[in-house]
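I have a structure I would like to understand better, so I am pasting it below and will then ask my questions one at a time.
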């Protein structure tokens, strides 16, 4: 796909919502950011934040819209990534039923009704494209692929959330369309939308009435410029957070498995695995059989985390990664060396969720910075080490 | 020492004024500040709780509430009956379901039940070291030195144990300690905690006479020269009713409030201690005691002088010896 | 995969009437893991059992479920059958479709449905059963008896006569206990010493009894059949091997006015002393607390202040520098017989008890307790059997006996009845009247509790023949008034106050456990009740066992007991011990808890809830022997299989065999989806 | 969830509760045996799981029962002071007290959980405990609120959510 | 299920927290009672009547008014029955049931006493004596040595009246007591 | 805080300990730091952002911390209760750790905040209200000034628990099932809990499967009930579970409820006295049993 094929259309704020409404009324599921009132009844008591006068805390979450009005275009970062809509927290793989000595297996369907994701973050859509590779490596994951095929994703250019964002450092960008089918960029009065895949174009064509082609008018030029400026500014902002050379990082990690910088990262880490829960690219799962009554049950897969000791616990009792250092190193190693070596892409989209979720202070931005310095400016490495590992060791 | 709230009760303002007078005099001497609870009311005595349990709690509680509101954490209730009622109310409110919640409404005051209740014996026992020191420092001869006194506690000062609890209910010692602190001898006798019939002092005088006589007889048979009490009811029963006994030719037995006794030991004037207000005349006893004390002091003085003279004579003799070179200096010291 | 055989019993009509047994059989045929089903009229009959055995052999069954009556009824039967057929007996379980189903329901449909569920549940459980082997524990055939009173002596003799060695530990200088202090015994009035002394001597001379007097149990380790007991032999200062009991040392001792414990304070003894003439062993002990020499040493005198006894001893048996020594004994069973002490009415009381202020806290010399009266009445006592009052040695003409002093007085802290006082009070009144014919014996009682062979007759005799005056009512006050002791009582039958001017008062004070019983109980892991008496394992059915296997209890340390009771209990413990010693090994059900050392973190919460002290902490080592932590270990010899440890274990690192979590979960899973 | 008692409605549905009973071997199981030998008729809704002692029962057994579809549970053992193992029931009592209060806090009607002491001689009491528990739970109705927590795809490969049959796409 | 019928014992339990059944009739209370010789019913008899639920007999008995509340019985009770408190409660019920057979002078004394408190807040002994004499009809008896008292400054004709008399009246009202 | 730095430096220099576990200032606020070089003690801070309960690093299963050598741990009063918990359950020997106690007058709700001037009802960690441990007792060194009581939060945890208690059963059920349904079973609550020291959590036991592993509401409820019960009488109310929960389940309300239960039933409060027995695993003959027929 070249830029020449990318045609830009304008859609007004109202029309964008109306588009969502059209989809919904046609029975299409629409997944989009929704501002959730954390303190909605009956849960008001749940968060102490809700009890403060004058504060109305909201969480932004990707949700299946019940109504187009719910669509939140404030461009805040959803708590969890889009991953859950492609690899749910848990899902049935098959069911079994035993009669006497016979076991009967029932498979689950792997085709899905079409659905649309609106206003996705580029870091979230890019993650899908990255994970596609492992899902189609030696085994075709039909459930993943089925959902991927059925879903059209429209990104909304991101203004960059905070100092923990670093998408540009790992090869994507706030306005990237990787993994997405179209991109919305906010401009005065609405959005510029360009389709980047056929799925995107089909969507726009099906709802052509809502779009206005951007012809060579003054207003359009202004909007085009405005969009370009906004996108460039966002890129610059995120680049200031972290700049690394992913290639050097990969090589360094590969060559420095036992380096203290890598091998002593886990001391403050609690191994809680919250980072992998919120990570858009972490995709490891565990398979369990759940019995329901005598001789019948469901085989289910659910998210797992490499930060848990049981992740690598062998039946024999042996555990090759039996301390938190090696587990944390594995996470870094897998994302920034193993995956890129195998699939040519870093298994990270720089969304920064892991850093924000960690209340123990594990900071991926800081760690990547340290590795990058070690890789490119070894002399400066010593200074950076201090922040990323036990002081003085 | 901070002030304690003083709850005199009706008797100390009436029939037992001498208890009030002697208490104030002794407290002043011992440096204990007493502040009378403003607008205190009657505790209801036995009539209150005999008639209605709640009334028996509420009447004393009013006074505890006043003391609390007036900023005290301790109330001194010298009258044993008042002490008992106040303490019992305090305990009931603390332990019986619902009472604490009811009180503010009944009293028309907020009430946290935060005030401790003490009686006069307790107060004096706790001050017994001070008393002993003060008595020793008093210039006048202590009229109580070696006098045999019977400590009479009666019922309300020690029973029920849950309410009182500051002393053993069967073999109390607190008043005996005060007697000892005054230099007198406490008599080991048998009726320390028997009842004098207090509640019937007005209504059933025959009973009171019977009970009182047993107490006085027992004290007398154990050699007591006077009975010490800390309860206006006990006092009036034992003191007043002796008139009837005297008619039968029985020897009168002086009945003194514990505070009066302490006052005497401290050298206070009998009149300031209200000793003139008794029915059994205390004058002969006091006169005799004062006389004995004077004699004793004189004898002691004489003995001391004699001893000093002897010592001087011995020293003189020794000096002579030393001078004569017959003995070493050490020897004199050792003898 | 499991191959379970399911056998449904009709129990004649008992099950068949309400449960459609054929339908149950049919329903179970299809059940996952079931390889064989059969129903039969009487499964427990011989042909029924044959059917099970044959099915096991023919169908290569891995488990058996018998749906019939309660496992309490026939579990043993069917397990034995399985065993005979070569199937591990713990692979067999019963489904209770009779007591829990056919007998309690009327509707045939409902009952049948429930019977299917019950059977399925047990099938699911058996799928997770493991073949288990019984536990065998070796037994050391030596017994320890703690306490050398009549109960301890009796238990020791019974065990020793049975051919096993007994270690008898007594903390006093002589065995004999309280019984040696008594004058005559109820209800026969035979002389206590006369019947006890031969027993004491027999115990002393018995080749199977090893006697340690002036000794205490220091530490107990191990479990049933395998205890290791450390005994402290307190420094006697007299060499037991050398001493010939001549008594010269006592003669020589200058400290002669020490109140004698044996005489209950009514007589004196020397500092080096034999507690009483018939003491066994007849070897003195030196009371260092009261000895002039030791008093001097404590003061730091450079030169010993005395040494008369040593000088007097021709055998050179006295050793002032003797120290406590310790011996260890290997023991298979323990009998606790530490006896009692009397409640004192004094001001100073142990925690939880109060004294009698109304009785003058025991300060009146002519108010004595029952044991003191025993000494007064004893021919070998301080008055040679004459009843004379302590204060002035006069013969009391009026003696008041007060029952229930301490006993049945929850306000003083003792709510129980001491059981023996009614009897000994009657005896005392009788003995007094026999000796002081013109005397007046007045007894204040609440109830007469004289249940026992010849007991009521005995107490009636005191009243009817010997003229004791019994007044029903408690005494309110006792005090000395001049020469007399005033007793204020009340006669609740004639409804009047009674005041007695007594010459002497005898208080029947309560029986209490000995001091130190709680500590001993702790060493033995047995429990005590709120008063400190040792708890029996079951108040009705296991009265002489404790909740620690291999530890038995006899006599008044378990509750107030009279002599016949104490002796009966002692013989019962003897029988228990002998039965334990009758085999070389103890066989136990394998229903015990097992710790998974891989996941146990050694928090020892399990040990805290174990009522048997079966769980101990064990160090674990790496392959190179380096200690790397500690875990819990369940001693299978001690574990009784309650599973409380398992429920309290947060990481589920303990499993109770035969009731594993997996078995129970399978049952739950099977039960709830029962459509 | 509507866990209020509505006797009329529930009974009309012919709803029969499923109740799991965890009982100790020595007292309650034997008491239940006695009920049998005494031919005391009682509701047939209760299924017994025999355990050595109430001390063995983990509160999670109860959670597990609800999870597996029970409408109510019974836990029963020896009276205080009668425990075959001395103190297992005392430990159980503490554990269940805490569990009971917590479940109530989470919103489970305590009437779904019956705790009782039934001795080996109390066959009649066992009958009463069973009948009362069944009546209570029957009145409360099925524990739908708990069953609603089950994953939609539990045990059945039925289409769930956005999933459609193969031929539809 | 019907509520258990009310008995005197349950009423006492409710009012005092004392279970009268704990009395095992040992008589220790009566053995030490200073008034035992003067009254027909001794403490343990009262306890017995309560246990026997002989309400009328207990409430209308004159002896209950002869208790001095010296607490000797309660202090020495071996089983914590607290007879003094039970007698107090019985007296209260007796007044409530209007069957009190107080010896006239005892009743008069209590009434006179409480009336004094209600009107003045404190006891005015002189006033009380006058009132008592009126109520008891014992006009001539030298209940108190009034002249001697006056001469010794122990009695005064003037009553002390507190400021908070209204509060005292409120207390009487709230407690439902009218002397 | 200079006192902490001084003591830390001294302990490291004289070899008493090999590592000091305390707090430092980092890019996103305060966070735990492990200082092994005396020179690095300058990094140590103590202020209201030092929310973390560092006792979690004393868990004997934390090999990485253990291998650093003997620990000197900076604790607030509330943290010391967790140390007592570990001692009580034989997970720690008192001599294995040097406790540097800091007097604390309350902390912020989040560590990832700019250094705040003062605590207010709006920003104080609600658990600090009514703190009874401003002066840690179990410690070897006690530093800092005596602190005032923390401010009362806008709504206290007790008030929130009471509000829930006042709701009808079905509303509480709706509330909790909704809250628990959010759970993604990351087990952050467990991982950060200083008292969750099991080698193998019951949630990871598969034969039998005690807790259903997938994060569906049914398994989530079982997990959350289990977590709560396992902490009954053990929870020290440090609030780390709730703070670390990525989906914001109000675990402190459950924990507080259990504290109420053991307090009301058994008069038990968690203290920093390691000798006091825990309520579960203990019993009294007269324990309340009004719920038992």
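Just so it is clear, A, B, C, D, E and F label the chains in written order, and each chain counts residues from 1 on its own.
Here is the rule we use: a contact is a pair of C-beta atoms (placed from the backbone, for glycine too) under 8 Å apart; a residue touches a chain by one contact, two chains touch by 3 or more.
The model shown is predicted, which means the values in this text are computed figures rather than measured ones.
> Hey, if chain C just vanished and nothing shifted, what pieces would we be looking at?
Ignoring chain C, the remaining chains break into A, D, F | B, E.
> Measuring between mean CA coordinates, which chain is farthest from chain E?
A
> Could you name the chain whose Cα mean is nearest to the mean of all protein Cα atoms here?
Of all chains shown, the one whose C-alpha centre lies nearest the global C-alpha mean is F.
> Where are there more C-beta contacts: B-C or A-F?
Output for the comparison: A-F.
> Find the geometric centre of each of chain A and chain D from their Cα atoms only, then give the gap between the two centres in Å, rounded to an integer.
Centre-to-centre distance between chain A and chain D: 44 Å.
> So, what's the distance in Å between the C-alpha centres of chain E and chain B?
Going by mean C-alpha positions, chain B sits 28 Å from chain E.
> As a quick test, compute the distance in whole Å between the mean CA positions of chain A and chain C.
70
> Compute the distance, rounded to whole Å, between the mean C-alpha positions of chain B and chain F.
For chain B versus chain F, the centre distance works out to 58 Å.
> Can you list the chain F residues in contact with two or more other chains?
164, 171, 174-175, 200, 202, 209-210, 212, 214, 216, 280-282
> Can you list the residues of chain C that touch 2 or more other chains?
Each of 358, 598, 609, 648, 661, 665, 669, 672-673 in chain C touches at least two other chains.
> Of all the residues in chain D, which ones touch at least 2 other chains?
Correct list: 64, 68, 87, 91, 95, 150-151.
> So which chains actually touch one another? I want all the pairs, not just one.
After working through each pair, the chains in contact turn out to be A-C, A-D, A-F, B-C, B-E, C-D, C-E, C-F, D-F.
> Spell out the part of chain C that touches chain D in their complex, as residue ranges.
Residues of chain C touching chain D: 70-72, 96, 98-101, 103-107, 110-111, 113-114, 117-118, 121, 527, 547, 591, 609, 611, 640-644, 646-648, 656, 659, 661, 664-665, 667-669, 671-674.
> If we count contacts the way the header does, which residues on chain A are in touch with chain F in the complex?
Where chain A meets chain F, its residues are 38, 42-43, 45-48, 51-53, 59, 79-80, 89-90, 163-164, 264, 266-268, 270-274, 276-278, 286, 288, 290, 300-303, 305, 308, 310, 322-325, 355, 357, 359-361, 363, 365-366, 386-387, 390-393.
> Of all residues in chain F, which touch chain C in the complex?
Residues of chain F touching chain C: 60-61, 89-91, 197-202, 205, 207-210, 230, 277-278, 280-282.
> Write out the stretch or stretches of chain A touching chain D in their complex.
Chain A reaches chain D through residues 29, 90-92, 94-95, 106-109, 111-113, 115, 150, 290, 292-293, 296-298, 300.
> Provide the residue numbers of chain C that touch chain F in the complex, in ascending order.
For this pair, the touching residues of chain C are 598-605, 608-609, 617, 629-630, 648, 650-653, 661-662, 665-666.
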